[in-house]
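Have a look at this one.
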Amino acid sequence: MKVGYYPGCSLHGTSREFDESLRAVAEVLGVELAEIDDWSCCGATSAHATNHLLSVALPARNLALAESQGHAEVLAPCAACYNRLAGARHEIATDAALAARMPELIGRPFANTVAVRNVVEVLHGLLPTIRVRAGQPLAGIKVACYYGCLLVRPAEVCSFDDAEDPVTMEEVVSATGATPVAWDMRLECCGGALSVSRTRSVVRLGRAILNDARAAGADAIVVACPMCHSNLDFRQSAMVRRGEAAMPVLFLSELVGLAFGVAPDRLGLRRHFTSARSLLDRVQPPAAAREVR
Amino acid sequence: MNSMEPAHGGHGRPTLAEELRRATGRNPARCYQCGKCSAGCPMASETALRPHDVMRLVSQDRREELLAAESIWLCLTCETCVDRCPNECDPARTIDALREMASAEAPASVPRALAAFHRSFLDQVRLTGRLFELGLMAEYKLRSGALFADVTAAPGMVSRGKLGFVPHPIKGVKEVRRIFDACERANQEKP
Amino acid sequence: MRAKTITEEELCTFVADLVAAGTRVTAPVRAAEGKVDYRAITRFEEAAIGAELPRRSLKEFFLPPTEPLFSWRQGKGDVTVKPVSVSFPPHVVLGARPCDAAAVEILDRVMGWDYRDELWFGRREATTIVSVACPGIDGSCFCTATGRGPDSTRGSDLMMTPVDGGYFVEAVTPKGEAFVRTHAARFADVADPGTTVAAEAFRARARSRVAENLTLSLPALRSWLGSSFDHELWRTIALRCHGCGACASVCPTCHCFDIVDEPDGVRAGTRRRNWDTCQTARFTVHASGHNPRTDQNARFRQRVMHKFSIYPDRFGEVLCTGCGRCARACPGGMDLPEVLKTIAALAGADGPREAAV
Amino acid sequence: MALPAEKIEAFEPRITAFVCNWCTYTGADLAGTSRLQMDPNVRIIRLPCTGRIDPLFVIKAFERGADGVIVSGCHPADCHYTSGNYHARRRFAVFNEILGFLGVEPERLTFSWVSASEGQKWREVVNDATARARRLGPFDAFRALAGRSA
Amino acid sequence: MARIGVFVCHCGENIGRTVDCARVAEELGKLPGVAHAIDYKYMCSDPGQALIKQAIAEKKLTGVVVAACSPHMHEKTFRRACGSAGLNPFLCEMANVREHCSWIHEDRDAATDKAVDLARFIVEKVKRNVPLETIRIPVTKRALVIGGGIAGIQAALDLADGGAEVILVEKEPSIGGHMSQLSETFPTLDCSQCILTPRMVEVYQHPNIKLMAYSEVAEVGGYIGNFDVKIRQKARYVDAANCNGCGACQKACIVRKVPSEFDEKLGKRTAIYVPFPQAVPNIPVIDRASCAYFKAKAKGVKKDACGKCKEACSKGAIDYEQADTFVTEKVGAIVVATGYTLYSIGKDQPEGLRGYGEYGYGTIPDVIDGLQFERLASASGPTAGKILRPSDGKEPKRIVFLQCVGSRDPAKGIEYCSKICCMYVAKHTMLYRHKVHDGQATVFYMDIRANGKGYDEFVRRAIEEDGARYVRGRVSRMYRDGETIKVQGFDTLSGEPVVIDADMVVLATAIRPQPGIEQLAQKLSASYDAHGFFNEAHPKLRPVETNTAGVYLAGACQAPRDIPDSVAMASAAAAKILGLFSKAELEREPTVAKVDAALCAGCFHCERVCPYGAITRIEVRDRKGNLVKIVAEVNPGVCQGCGTCQATCPSKSVELQGFTDEQIWSEINALLA
Amino acid sequence: MKELQELARTLLSSGTVGVVIGWEEGPRGARPAFITDAADSSRLIFDHRCTHNLATYLSPRRPHMARLGKAAIVVKGCDARAVAGLLRETQVKREDVVIIGVRCGGVAADPAGAKPLTAETVAERCPGCTAREPHLADHVVGEAQPEPPGAPTRDARIAELDAMSAPKRWAFWQAEFARCIRCNACREVCPMCFCERCVGDKTEPQWLESSPHPRGNFAWHVTRALHQAGRCVDCGECQRACPADIPLGLLNRKIAGIVADRFDYRATDDPTVPAPIGAFSMSDRQEFIL
């Protein structure tokens, strides 16, 4: 299986571990990630908040590139990129006038034929393979699946799962052998958009999420969004310094990687601000896991 | 009344609601002030105007007040309100459109930190085609004046290999710049 | 009058001068779809003489597919009638096929028999028909079997035969002779006797080529038809016939028409004459709804009977010039020469070639 | 096919309207009772339902010199006979496209839904159709068909 | 030759001010076929009508054209006048020179020209009018009532009391409908069953009513006055003739934990059951899906299938072999009273609707709907009238009511107001407070719609006397926190986000039509709206009729209705039908279609487009009896005269009387003088 | 060919049918054949010249056909759609006809067309055909055939016309219709024109003037097109029959496009698919309605 790959800026920077773990997992799953040649930034929140047309045109350029490079679908692991790319695709598909304007605006032929997928969706599509490849190293580990907002909303754009009661991430986690917990905050926003400019809000929102996960008995939170990760992981480090218990925050790909027995370093786990040690200690060594099988 | 004529808000200018309807494709008049948006809004405890207040002020054509409000800049665009609105009003998109209008009509009212962030962000993209995060942080801190915020993070980021030092423009950077120019032009040409 | 010749170059100036003088000139012209139609020309170069057989025959220049007969208007308690004009400007048909020209003359009989059709004869008198001897078209040609031939002069005022660089020209009728006299400067005397020989050779070749397709004894055919109205042949002859009437539309001799009153509002209207054909089911429908010709076999029988029995009975010659258009146009593969051959076999009429009736 | 200004001045288009009895005819009645002034160029022919309106009517109207035709009836779901207007909609969708394909300017033909309560809308439909026909000028192309007989 | 009389009315100044009526009469008089043309001040007045009658007699008119107001105004008047003068009324038509001319134009010349044109069209049309005879249809004086809820019961009783025979068809084993499930009713708080059950018994005992419970309408043919209705009687597996309702079978039944429909799944019933003790008829039904006997049979068990009820029945009334039966009844009118169903917030929704994920898609056990609350509050309910939560049977001390769940929520697919929720929620808060004295009820609402007699006072009482706390705002989300339900909303009046901890939540879910109503509507050729509610013929003037003559509506099948409204509609429908039944024959306008069998090719496009199913297929045979072709024929009793068949017929082999092709053609051709 | 002839022989000699409608060799190429005697079955042919749509012969308006008894008809996949049309509109009963499908690799525009079939001689409708495999058939004979040669061109011509201004399009069609002599051949050969009395022949009132002048011609062609909406099976017989070579196929193709685009209906050999005219959807597009 070959899929167009749009890493986005974060996966080349602050969320390198997402990229690394994803590539490691893809290798095991036999998925070829063909990075879109010469991709550019999707414009993220900034284009969205200041110039709507730009917020459609920047993703459209990348979709056009993917199209010309022969991809039928493109994986955008960053939830923000996914949301922007899928959102632009939806808007162009439903607004004929906008669609007509696009080729000239981006200076490229563009037929809007490429489907946009996120990590949860792609991994969910590989559930049987994950089940086969995963050993038992995560047995007994309880995980809070955190969707946040950009992955599932708005519903008409992110139609891969139910916006109010998604199940896909839980099913992936179950396939890895870990146990998803039931909790309330999995769809609440972490405040990513204000991460840099209004930190106090973000801390408030993040704390509520961490507390709820903890109350639900989770050993770790699993995310599929660099912004969520950064907010929950990086912002948490200050709380930990103040003596609060650490709640490791893992990318879904990292968790899957652990289930596959990939070395934590290859998954970039050392790059986290909040140590995942407490979790890694409970992971069964790969060799043992294999024996169990 | 002739229904073919657009509604006007005095001075021959279309009402705010009319303008937003054009920009978002959604009719703000559909809002019946049930407050479900605000009930689910993660920022409701912090903002002076909650999503339903914004919709209310739109329907009352209180343009200046809205465009000057800090609240519109506090929306996280998490889209919770959009999915829960019984009338498909799309408050988030409305707020986005208000932000665009505020940037154009009342730039002074845009919170400095946010304006700085968005400017820095887009400048980076325009410069290299992608976001160069260290450059963003440097530029943002200069622009916002928040020189010491998150200052503790940078070394950690670097030590974790999360921030590179050299920006690499993509091949198609000129193409990206043309897109920026075209979109800005289109925005200025809007009626 | 002695035979003449005319060159292609001369025809070019001749046509241009005729048109300039107000004469309508009609000739075969290649239409957009590659088919040939008789059409008005302004220059000889437009004409496609000797190319394929035109899609339709010459009859529409004398009996148009539709023409107004008069118009009327109803007042309060009275009706005013406005007649149409029966005088027509001079008209030359250049490059008529002998089979088409012959048909026009055959139709003169029916048009002038018990009632003189002013519109027909008005146009006939205004028109000079200049035919060009035909080399024969294809296997569907059977003009020789109908007693005419690819070089028949019936109906032509002038007959031209293609020769090197131009045409060998003979006047057939007084009208033709007058035409040559009026435009004497356009024609040259035959200088080389070889020209006459070449012209005759061309015609002889054509005659024998067409004769290979079909030979008939017309009297035998006629007498068999006259006594075989209920022959079982007619029970299945036209199974493949759709009754579409395409044959009659392209036929040079089919001349049935319908009279319709076309309203112009609720109080005025025009009476028109439109082509019609016995091949459609509604042709013989009575006001009661009864239709004496119950099926397509009966309708096709009518067509054959009329052409080869009824018309000869009344006017002494068959109502067919053997152009073969009907066979070529038929979407269902009906083939008149084939049918005639079948009947001839039944009638013992497939004997030696007959002279003209 | 725009006309010079002075010709537009002199030309009064003739417009035939085929309307259903229950919605548009009644809507036009309402326009009357509301004294809504409108262009006097439209002549209404009343039919029970848009379902009864045959494309042949439109062709005949053009043949008889109409410069524009209006077909109007009940909004979807409002048909007095429950579904006549839906059938009419299909029929005229095809007819409209065929006419366009054969070169009839689409502005010659106006389709509308006008309910019994939409006197105002009826006025707009009438005035718009008149204005459009006035802009296009007399439907000479069609009338020429009648004059050019063989 | 036609002899048409043209009568131009001035309508006082109404027409005369802008139209030169004398000139109109003069111009029309010039037309061929017009024998008489005059103008007069008031044509509709007695002297005006006399002018018409006189002219008919003196000028031997063959047709009359009145150029005046809209035919909607006076067509009947003038047709009657012509009729009384001996001219067939359908030879009279009107040209509308008032509404369509004088009132909408100012230019006198243009208006006069137009008036001439309009009248000329009609003259040309009338020349081609033919005398038509009013259609007379015999009436079967029996009515069918579909649905045995309060609306159906009321309609049946009113009709029966009025002397009409009634067939009452109810799909459930018992009549009573939703009303029988209610505890008390607003705004009087009287006991629902106390007022309903006597009516149910009355239905059962009424000599004019034939009750067919556990039955459904399978097919409807025919037309007003003459419907043929095929009714399917579902197999009860109990012989109604032998059953005495002793209940022994139910006691013997081994399957005892089937969720009770009557108790909205909060209680249990046996596999052989009557829905509730006061059921009418009091004859049990075997629920085949849960019955041990049938389950065993389905698995192929030959011996030892249960059979306990059969053993217990002293009357031998249990009949496992019973099958559905069909009966056909002839009726003259039909009342549809199929009632409503409640929207559910779950994930599975019919097309066009969405569930409430934000409220947990119905997975939180102590979130119930209004009817479930009624059962909890009802003395005959599963808790004997105690308010107890389904999850653990504890008494909820904090209860939250949400209004407009599904209703007024276009995003979920329903934009309408369900009308009764404001009232019953107020009632619920009262019932709750009366039963849980220390409990706190909170109501999330958007608007209070309490516009009936005593309604607003009732809501005020809930707030003022019974302590219900009303919060204006929609709830965004609900989730569980241990045993508590967190209700996250926004108080739009105080401008504050609120999270209310609740022990139980009651949802006032939207009122929706019964499932399958579209199929019923199609059987009846009646129209329904986008939500599946039946359309009334006119929202103001014909609220209980449908567009199909002879089919009437009562209750919530037409829109959300409360009990008084439903009862009023039922009585109105009954009155309409009794009026209909008061005549021996019906008169119908002869504007119906007619097929020319000789020309019909039998493609049956007409059959497909006919909204009324008025087209039938008939065989055409020749003299020898050989089948020539099958062609269409119009049943004039069913045809309503829309003419869609004619426009659809490719060969124009069907003609609508009064609007024939000739008539329309003439109008169009009169376009130019 | 043998297979077809054998089948015909069996059907006729067993008395299953009274006539087999197929093709035979005629003086001018292939033509319709009506085999009533099993011994004549060897006359049947099928090759690229069998362009005729024989379904026309099933029309109940052909009493002389009915006299031959129950018919078996040989159809190409595309022709089967016409049989389906006749079934759909209750003109033929399924039990009254035996359908013999032949696998087709495209046919020539002219039944006299020479071999082999080329992009120049192929009928306009054939390139890109999706109906070559007969489904509506009691028997299917012949091997699978190669794709017809050539590329579809008609949609491009329609697009060309669509792109013209209205007056230009008007001029184009007027020039074509000017040749029409109202012989009605287009109607008579059409398998889907089976009305007992065509509206074009209706006289009281006369909606369509029967005179071949431009006005009558325009009204006729509009009406024919309208009546073909959802009926036309694109067999091209009308255009082939037209003695004036009016491009009726182009008009038919346009209608097919309209019906496909608006009502998602395409000519089909499934007689149970309802015709689009006479049906409706609440959500039919109504962009042309104010």
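All chains are identified by letter, namely A, B, C, D, E and F, in their written order; residue positions are counted from 1 within each chain.
To be clear about the criterion, a contact is a pair of C-beta atoms (placed from the backbone, for glycine too) under 8 Å apart; a residue touches a chain by one contact, two chains touch by 3 or more.
It should be emphasised that the depicted structure is a prediction, and the values quoted were computed from it without experimental measurement.
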item	value
Where subunit E and subunit F overlap in contact partners, by chain label	C, D
Pair of chains joined by more contacts [C-beta pairs], D-F or B-E	D-F
Chain whose averaged C-alpha position falls nearest the assembly-wide average	D
Approximate Å spacing (C-alpha centroids) for the pair subunit B, subunit F	60
Distance from subunit C to subunit B - Cα centre to Cα centre, in angstrom	83
Subunit C-subunit D separation of Cα centroids, rounded to whole Å	47
Contacts with two or more other chains, residues of subunit B listed in rising order	80
Sites on subunit E at which at least two other chains make contact	358, 598, 609, 648, 661, 665-666, 669, 671-672
In subunit F, residues with contacts to at least two other chains	61, 197, 199, 207, 211-213, 277-279
Contacting residues of subunit E [partner subunit B, same complex]	358, 404, 408-412, 446, 472-477, 488-492, 495, 497-498
Partner subunit E, residues of subunit B touching it in the complex	30, 32-41, 44-45, 50, 52-53, 80, 84-88
Touching residues on subunit C, where the partner in the complex is subunit E	74-77, 263, 265-267, 289
Complex contacts: residues of subunit E adjacent to subunit A	347, 356-358, 360-361, 479-481, 486
Residue ranges of subunit C in contact with subunit F within the complex	33, 35, 55-56, 65-66, 139-140, 236, 238-240, 242-246, 248-250, 258, 260, 262-263, 272, 274-275, 277, 280-282, 294-297, 327-329, 331-333, 335, 337-338
